[in-house]
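Below you will find the structure I want to go over with you.
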Amino acid sequence: MVIAYLLALVETGKEHQAAEEVSKVQGVKEVIITYGTWDIVTKISTGTLNELDMVITNIRKIPLIQQTETLIGI
Amino acid sequence: MVIAYLLALVETGKEHQAAEEVSKVQGVKEVIITYGTWDIVTKISTGTLNELDMVITNIRKIPLIQQTETLIGI
Amino acid sequence: MVIAYLLALVETGKEHQAAEEVSKVQGVKEVIITYGTWDIVTKISTGTLNELDMVITNIRKIPLIQQTETLIGI
Amino acid sequence: MVIAYLLALVETGKEHQAAEEVSKVQGVKEVIITYGTWDIVTKISTGTLNELDMVITNIRKIPLIQQTETLIGI
Amino acid sequence: MVIAYLLALVETGKEHQAAEEVSKVQGVKEVIITYGTWDIVTKISTGTLNELDMVITNIRKIPLIQQTETLIGI
Amino acid sequence: MVIAYLLALVETGKEHQAAEEVSKVQGVKEVIITYGTWDIVTKISTGTLNELDMVITNIRKIPLIQQTETLIGI
Amino acid sequence: MVIAYLLALVETGKEHQAAEEVSKVQGVKEVIITYGTWDIVTKISTGTLNELDMVITNIRKIPLIQQTETLIGI
Amino acid sequence: MVIAYLLALVETGKEHQAAEEVSKVQGVKEVIITYGTWDIVTKISTGTLNELDMVITNIRKIPLIQQTETLIGI
């Protein structure tokens, strides 16, 4: 099992909408809004690195998402 | 009471206009222009974390604001 | 309730020991080791900002912890 | 008049003591503890850049202070 | 000979397409997708700093490339 | 006299054009292209902080300039 | 197979010695010295995430290594 | 000819002494103290990348220097 935290910058002023859309992506376990270095924190859990790639790609395809950094648990 | 400093990057060349618009948001106590890692520094004071969420959201809805980081005093 | 993610840099070569010590701090819900920008990610849940201050202070008092950044959910 | 915000990383676990020592430096108007990218935020007000240099140098001579970044209002 | 690693942020959701386009630029030896601080890592090898300038400029002209940082081996 | 270094990110693929335009701004003493964390480095020399504000504002009004950070010598 | 790039800060003034020691760690394929945001860049190739964990841990146990960030190819 | 800017963090409280020592290193053309993201900015000019390596190594061997980032003009 692979656990990862995806940190994201989103379109300013639309954090709540972005968090809701991210929470619907399969593999996403939790989303919180934070206004520190990053706007939202997302917890992801998948079976393999390949599946993680798909989840991250799906999140990054959401138009409100502008930049991400993923911390992969190993 | 919650005190927070919001650091912001704004549209380049419009710092003075952005600072003026931010200063009108309720809950904002002070705004200065700085050209370091961030373009403007804003001091915010609210009664609760929920109210802080509203102030930050209002600032981030200003079109000239491009990215922010909030340092929450605790 | 306040949820926060604490990102930490720890003494190099002692990540597993640091993660174990952090996991024993009251208020800490989860700890994973990651080798991205940060060495470990910690999820914290408390009732108030004051209690969050205490949890963070307790984590930061662990000698293996060298630098932290906290993302507070609001 | 020169206004500046000094952001500082301090010795982990000694934030409250560091904040108290910084607050005693002449020219320092306000100090808050924050656990975001930086541990404490300090507001400084001086008459000239030379005096700002002295205030920053005095803060940086405090042994608990490990790294700083100064945002100068202009 | 000059060896350099170019780290890049690309248009979100188009990492695989960006990596493929970068891999076609002359002087590029390897491209991998990573979702850490940067989206892709590129290894470049050229004969001189001037040629490195040309390779970097060609990569940066690809519309999907949004920001880069180059680590030059010396 | 105030000396400052302005670091800038510019529109990708147009570094040489951006550097040329920046070099024409009054108060700018030197411009070099670098592909590290920043795309160009600019040295500025002015008589006062107010004049530095004007030079930085003029550079930031150049459409190719996307983000800047200014290191003020004190 | 897992490919990763480990970026490291090393003890200042001992980059060449650090690079040599890192190059001896099993799983390390390439090491170059760079003086950008990071001092050395290391390419690692392993069969699994668990083996990657071991390689990173071994590199981080080298006393000259002070901080690392790992970009995992996925 | 190679031109580079070396940005450095120095031992807190000893910036003036560090700047003076750096200014004595052969190849260093200018040093200023700044309290932004970095403590001092150094301009270096050498004939080749190899000579630049030597200058940077000599600067990094100064005990007061704690971390550096070099922006190489190309």
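First chain written, first letter: the chains are A, B, C, D, E, F, G and H, and each begins at residue 1.
We adopt the following convention: a contact is a pair of C-beta atoms (placed from the backbone, for glycine too) under 8 Å apart; a residue touches a chain by one contact, two chains touch by 3 or more.
This is a predicted model, so every value here is computed, not measured.
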item: Farthest-lying chain, centroid of Cα atoms versus that of subunit E; value: D
item: Candidate from B-C, E-F or C-D with the same interface as A-G, over half of contact pairs in common; value: B-C
item: Fraction-based call for subunit C against subunit B, same above half, different below; value: same
item: Distance from subunit H to subunit F - Cα centre to Cα centre, in angstrom; value: 20
item: Averaged-CA centre spacing for the pair subunit H and subunit D, given as whole angstrom; value: 25
item: Distance between chain centroids, defined by C-alpha means - subunit F, subunit G (Å); value: 35
item: For subunit F, residues that touch 2 or more chains besides their own; value: 33, 35-37, 53, 56, 69-72, 74
item: Inter-chain touch pairs (all); value: A-B, A-C, A-D, A-E, A-G, B-C, B-D, B-F, B-H, C-D, C-E, C-G, D-F, D-H, E-F, E-G, E-H, F-G, F-H, G-H
item: Contact set on subunit E toward subunit C in their complex; value: 36-37
item: Interfacial residue positions of subunit G with respect to subunit C in the complex; value: 6, 53, 56-57, 60-62, 65-72
item: In the complex with subunit A, residue positions of subunit E that touch it; value: 9, 12-13, 15-16, 33, 35-37
item: Of all residues in subunit H, those that touch subunit E in their complex; value: 2, 49-50, 52-53, 56, 72, 74
item: For the subunit H and subunit F complex, residues of the former touching the latter; value: 3-5, 7, 32-38, 41, 69-74
